[in-house]
Amino acid sequence: MDTREILEQLQNGDISIEEAERYLRRQPYEDMGFAHLDMHRKVRTGYAEVVFCQGKPDEYLVEIFKKIYEAEGEVLGTRGSEQQFELLKKELPDVEYDQVSRILKIESKDKNRKGSISICTGGTADIPVAEEAAQTAEFFGCNVKRFYDIGVCGIHRVLHNIEDINDSNCIIAAAGMEGALVSVLGGLVDKPIIAVPTSVGYGVSDGGKAALYAMLSSCANGISVVNIDNGYGAAYVATEINRLVEG
Amino acid sequence: MDTREILEQLQNGDISIEEAERYLRRQPYEDMGFAHLDMHRKVRTGYAEVVFCQGKPDEYLVEIFKKIYEAEGEVLGTRGSEQQFELLKKELPDVEYDQVSRILKIESKDKNRKGSISICTGGTADIPVAEEAAQTAEFFGCNVKRFYDIGVCGIHRVLHNIEDINDSNCIIAAAGMEGALVSVLGGLVDKPIIAVPTSVGYGVSDGGKAALYAMLSSCANGISVVNIDNGYGAAYVATEINRLVEG
Amino acid sequence: MDTREILEQLQNGDISIEEAERYLRRQPYEDMGFAHLDMHRKVRTGYAEVVFCQGKPDEYLVEIFKKIYEAEGEVLGTRGSEQQFELLKKELPDVEYDQVSRILKIESKDKNRKGSISICTGGTADIPVAEEAAQTAEFFGCNVKRFYDIGVCGIHRVLHNIEDINDSNCIIAAAGMEGALVSVLGGLVDKPIIAVPTSVGYGVSDGGKAALYAMLSSCANGISVVNIDNGYGAAYVATEINRLVEG
Amino acid sequence: MDTREILEQLQNGDISIEEAERYLRRQPYEDMGFAHLDMHRKVRTGYAEVVFCQGKPDEYLVEIFKKIYEAEGEVLGTRGSEQQFELLKKELPDVEYDQVSRILKIESKDKNRKGSISICTGGTADIPVAEEAAQTAEFFGCNVKRFYDIGVCGIHRVLHNIEDINDSNCIIAAAGMEGALVSVLGGLVDKPIIAVPTSVGYGVSDGGKAALYAMLSSCANGISVVNIDNGYGAAYVATEINRLVEG
Amino acid sequence: MDTREILEQLQNGDISIEEAERYLRRQPYEDMGFAHLDMHRKVRTGYAEVVFCQGKPDEYLVEIFKKIYEAEGEVLGTRGSEQQFELLKKELPDVEYDQVSRILKIESKDKNRKGSISICTGGTADIPVAEEAAQTAEFFGCNVKRFYDIGVCGIHRVLHNIEDINDSNCIIAAAGMEGALVSVLGGLVDKPIIAVPTSVGYGVSDGGKAALYAMLSSCANGISVVNIDNGYGAAYVATEINRLVEG
Amino acid sequence: MDTREILEQLQNGDISIEEAERYLRRQPYEDMGFAHLDMHRKVRTGYAEVVFCQGKPDEYLVEIFKKIYEAEGEVLGTRGSEQQFELLKKELPDVEYDQVSRILKIESKDKNRKGSISICTGGTADIPVAEEAAQTAEFFGCNVKRFYDIGVCGIHRVLHNIEDINDSNCIIAAAGMEGALVSVLGGLVDKPIIAVPTSVGYGVSDGGKAALYAMLSSCANGISVVNIDNGYGAAYVATEINRLVEG
Amino acid sequence: MDTREILEQLQNGDISIEEAERYLRRQPYEDMGFAHLDMHRKVRTGYAEVVFCQGKPDEYLVEIFKKIYEAEGEVLGTRGSEQQFELLKKELPDVEYDQVSRILKIESKDKNRKGSISICTGGTADIPVAEEAAQTAEFFGCNVKRFYDIGVCGIHRVLHNIEDINDSNCIIAAAGMEGALVSVLGGLVDKPIIAVPTSVGYGVSDGGKAALYAMLSSCANGISVVNIDNGYGAAYVATEINRLVEG
Amino acid sequence: MDTREILEQLQNGDISIEEAERYLRRQPYEDMGFAHLDMHRKVRTGYAEVVFCQGKPDEYLVEIFKKIYEAEGEVLGTRGSEQQFELLKKELPDVEYDQVSRILKIESKDKNRKGSISICTGGTADIPVAEEAAQTAEFFGCNVKRFYDIGVCGIHRVLHNIEDINDSNCIIAAAGMEGALVSVLGGLVDKPIIAVPTSVGYGVSDGGKAALYAMLSSCANGISVVNIDNGYGAAYVATEINRLVEG
């Protein structure tokens, strides 16, 4: 019921002032004592709430997964652990776990994927971040094309694939160390690039800040950046773009 | 002429091996002695090269503006100064300068703008960055809606405009200090947000890193970030998305 | 005995010069060999000394707890561990431990709580810091209202509770990542806000500096900030304010 | 008109659904084209909007000053310049300027000040920040006691004044370099301390981060911190506390 | 043999040119294959080489301890572990280990200590660093007076002891968090203060940089600073001063 | 086959246009599903790909080692662990592991080493980084001279060896803490110095940034720097120089 | 009058309780309205207050110089400007100014200098900082030996002078860039070294942090460090040591 | 005269012990009062001392230029200003100044250049740094090939020139912003690359640290790095390599 409906019902005498007030005030979230689940998010932003599993206390995790699964018929969690998988399986036997991406999910079977996102990595060590992005995008209904280990120290690996990479609605590029893949891609494609710096590296590149700063400083165009290792965040943006294009 | 055409002409004897080699090697850039202008960029990425005026030596600036104007019939420069405007006017009398955005340009008259981008700022001090974005996007053929000075310390200013903000293909949000506008928008819209941290502030927010880090850390979804004060970069990404959607 | 009393007794011949000197010099602290306990603090600042348990050697911890308990009839320790709880229980069987807040305490039974402090968190991961604040404030004699998991990515969760939050003498707001909750609250309430950045997050928000800087940079008014994860420090300030108001 | 009044009028047929909708949506701010003045702030938070003058374009500044002055009968601006003073005087001849605090204001004459705030500085170089705080607090209706240049390298200067400092509702302490004044005060008073790190110093203390970090790390209790040089922000918090206590 | 002696012997025909060359070139260090022990250091600087045990491979550690013990009749190691103590005991049964300071040593019995150094700490957590300093200074032949846990949040603890602290040749002050003890001492004594920032703290003071910067920025005079947690380094400087004074 | 050969064969009718296109496009890398091995690197840069073992998943590691070993007859891995050694031994029984340098390799027997590189360290703790450099350089066919533990706090250790150090084609200098060895060497030799900051140290030198910045700031000439602890990278550069000189 | 004298006079009836109280409370500082001059400092620490001129408002500067000159018969100011010199000359015609050290002073004529301090610099650009130290030490009654431009990139310049440098009570070493001079000196002398990092350099050494960190990390012994460019602070410590030794 | 000659003359009675001592001690530098010119450097390292002009006081600058010019017949200064050029011309009329590179020099006419260095830049804004490198290398006797404005956002500009770039003894690559040019070159050439981060950029790339870190983190091989904007330093290393190869 939106504001106008409430006001109409009030005018029609179908509801009292007190009821109208209550409706206007009532917020579409579920109070779980320890957490205010945002069950209305799908209506507002088009996506149900996703669970960031890392560091979530066991009892909270299970309750939140169950609540979302009941409401949505599917549920997605990122940064999950093997131990959390074991825990959730007891209550939700259909839950699946992928060790590389660390994604925990129950996904509805009859999902139609639309459009396409290209996901590239500089090296093999960036693959876990890329897979978090890839599997999130697939859960949100996108097709994903993977181009892994095509870093610029062997530039022919980028050039060879460039037309195929560009043939999608959006590109996610995950790279650690100096993250130069992003600049090279930026000069060669005409699709928006979501850059994900990864925490791969040591010395000055340890923790991902060297890659983050390089990507933000890129001399190439069409690049925007998300937090270090934030494959999920990149997939969310990419999915929004893909959905906009596919209508 | 693409590779296949070259090979066909070679096979047909229309060109010699030497000519074929030269074609394959020849790069579509203009050698100006001091700079390699990337004249082919429009073909490759859909946009002609844009001039970053700040710190460009006078003679280089004029030559580059003229070269691009000749090739494209229009030319866009960012971070220009009053003094550079005076300089360019002597050679290119049609050049225009906007003091707020610091944009220098000659724009072709008959441009049809498509789609729409919403551009928001937290305060009035962020307007120069927002205008760099807005005028770049307009130059690249987008319609722009401006929502300035709607920062979260008066949250009703965001809430009041939220449906109008969301009614476009992409949102640019420029904010300095703590940049909280981006997180609040992120929870209320379903369009991709390009966040631009600005260097507005003092103390720990001086230089824009506090805003940058806050935006990268945002608990909200659908946000990607460009370099501090990089209104141009945000507009480029937003324009790519707008163009993808509008077809 | 204050200075005037000492001087009067000297003048009256009740004490010798040497005794007067000794009194003037004697400091109200307890020398434990390894530590100078500040037993006079309650007189000076209104609060007995609180024990920061983390990293305290076992023998020191027990001695300090016993000393304060003897002098005050109650004792509060922050950042305690399960193992320290086991240790203290042997000597002080009434000691209690709360796993979430990590508070170790013996609290006198007949405490009357006065006034009220609102404690808010952005997410569920900030709850341990908020509980350190809440239980410290309760130990110091304040009533506490808890508003957890009301982060700005679902702004209605803040708006829904705003009148209730504001209906207290002081507000503590604990948030990690970009800490935008603090700015939104700052624009909506007319009570002082003590902001606590938490070390919740990863990438650029890892360790809490992104939240700290965002809170210090906040465009909203009425906000002051304590160290990262310092729930205890926030509670101390809030209690001082609450006590001032309640008289 | 609050929500209930609107609903009652709708039910009574005094207004139409469209009018009710408009009322519910209408936000109490003034749209100036370039800025959304938050004219409702005084109702919401108890204080009218204060103008941060630094870097504000001339035409904006004059318009904003006039708008607030018309609505409130007085107006306060911080970080103003001599040049801005000259500018404003032309339109608002009653405007006053203080070179030390850089405050620009028109203050209503019949203001009754209540309660009291103590404002301390470590050195003479911190006085401009302290005066920004002092004059803001006075504008907001507080009495202010000043204790300047009492830094800890001559500890007797603190000890001598400590009872007088503590005899107020709240203490603001501004210090640069290592900011140790704050820790010493924190151990001696029982009132909340708002610490303001200043950018006074050179080498590692240049810019105020050494003082900021020292204050956040203070081993003393009852201390919260605002941004570097943010005298205004400290005064705002102190004023809120003073007003709470004075009722 | 110094240069002059060598030249005289050459002139006198007591040695050949080759021998003279060899003498002039021969360096007074011991080549152990993996390490060049600086056995001549005691002659050059007055102190034998001290072993930094942390992270030293087991076999290296034992060899180096034995070599120095043979040459000097005593040996001092810092940052030792329980496990290294067990290891050394097998070969050097007289070795002693102190768990607080983590010092491993064999000390000659008949040492006469001269002069005096005062060693102060802000809290109990700084004691390990202070003891590294204290025991190093004692090994190097100084008397040490300990003033622990006299931090400025209870300023009377400093004031009470100040004459006793100042009654020595040099003062070492170890403090973590904001390190304000150093500034307060600096304003009250007339002896050189060697400040040791410690890594005690959390949030912005984690790792000791807040204390380091505060100490370097101190408004007080007579303060110089060593690396974080470097009790050994402070003791070395203090010992040099003590030795200079005592002659 | 290079471009000209392809074009000639096309002109001669030896290959079809499609074949010519395929040749021009075909890239000399091996697609392993998870990784694009750059098998052509030896041709392009003179060195086969080296495996960075740290954090490489077990199955990937084994596959990559086998692939390179098959193609090259030898294989080099850096940052290997004991556990990875055990794993590789099962499939490649000739693999060797060095605990100090953490190098895993199979090296062809009949290698002729040419030229010479001097490798110096400041202390014994820098030896693992130096050995990574030394063994990499030896694998790549250079002779290596080792000068370990010659740090500047005993400057005679440098001076004594300086002619021998300089008598090679290139010098690698690995040092932690303040890295002053590099500046001293820089003033005494006439060969290029590759400086390797190491993460040896604590407090402000923890992690190697103090050494890195010191080396980059060196007042001496002829110094260039690689990433912290990057012995491999230094060896690569040194080997290129050595090979250039030796022809 | 010390405490005992006051108490005796009270007991003897020579003073009243009120007078005794007043004496005990009265602090030996001069209240100038804007500043609390610490006139008692010479008694307490052996040195009169020194004026840090930089950024001091004109009227304050003159008043403070006059006050100290009246009390002490001489006065020392650091970081003075030509313009401040002109200003002071009008009121204090004997004031002298040195452009290199930027010291402003009136020095009493009949000063006997005792002992000796060696002051070294790495390069010529460090001389202003070294001269601030040298002239401060001379003002405080020390003899000074200058060894300028002896940086380690020509190590013979250090070695040549080493015995002369070491022949004093204390060594000040000022160096920018990587500050390696300090480490080399540390291995060669047996006197305490006060290291002064200077802000000489560019890139990563700009501002002096590279030198500061290098000096704090030094592998050599006997080194303590003051703030960047703090020649005055180094001289103060050195003077204290010199005075201790000379008695 | 080397050590052996001195000893022989002593043995032969040609010189006295005192003379021998003096010879052994005498250092080949020129004492100018304010500076110790290292006139022997050419013998020791192969290059005469180069003058860093920036910030050098006028009188020093002229003296040093004259001294070196007298000794060497030529002289090179970096980071010179127009004003310094005017100054030097008065005393040394042959001095030349280049505005782009800011090099001041008198170069001997009959110099034979050997070998070759390739110098590349990412953009036109990097040219001043590249020219400092180029003209230094030419002064030191190398041939230089320039490849300017070939940044990776138009990758064909690199690929087109790659064989020509690689056809030299050493490559210098100067780039600001994210510095990706270095990584791309690193994967394509087999010559050592000296990377020079430049301070070109804004936001997070302002000052050159983003480029520095990216270059140090590069996934490509054969790269070592010098300080930000240090074209001179890169040229020095490159020249050493070039001279080694050319013999």
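In this document, chain identifiers A, B, C, D, E, F, G and H correspond to the written order of the chains, with residue numbering beginning at 1 in each.
The rule we apply is simple: a contact is a pair of C-beta atoms (placed from the backbone, for glycine too) under 8 Å apart; a residue touches a chain by one contact, two chains touch by 3 or more.
Owing to the predicted nature of the structure, the values given are computational and were not obtained by experimental measurement.
Chains touching both subunit B and subunit E: C, D, F, H.
Among the remaining chains, those touching subunit E and also subunit H are F, G. Two copies of one sequence, subunit B and subunit H, touch each other mainly through non-matching residues, since under half of the numbers at the interface are common to both. Centre-to-centre separation between subunit D and subunit F, using Cα means, comes to 59 Å.
Work out the mean CA point of subunit A and of subunit F, and you get 38 Å between them. Computed centre separation for the pair subunit E/subunit F is 38 angstrom, with centres defined by C-alpha atoms.
Counting only residues that touch two or more partner chains, subunit G has 153-154, 159, 187-188, 203-205, 209, 212, 216-217, 221, 227-228.
Counting only pairs that meet the touch rule, the chains in contact are A-B, A-C, A-D, A-F, A-H, B-C, B-D, B-F, B-H, C-D, C-E, C-G, D-E, D-G, E-F, E-G, E-H, F-G, F-H, G-H.
Contact residues on subunit H toward subunit A in their complex (touch as defined above): 122-123, 151-155, 159, 177-180, 183-184, 186-188, 201, 203-205, 209-221.
Subunit A contributes residues 25, 27-29, 34-36, 38, 40-41, 54-56, 60, 197, 199, 207-209, 212, 227-230 to its touches with subunit C in the complex. Residues 44-47, 50, 169, 187-192, 194, 212, 216-217, 221-228, 233-234, 236-237, 240-241, 244-245 of subunit G are the ones touching subunit E in the complex. On the subunit F side of its complex with subunit E, the touching residues are 124-125, 127, 148-150, 153-154, 156-157, 159-160, 200, 202-206. Of all the residues in subunit A, the ones that touch subunit D in their complex are 3-4, 7-8, 10-11, 17, 20-21, 24.
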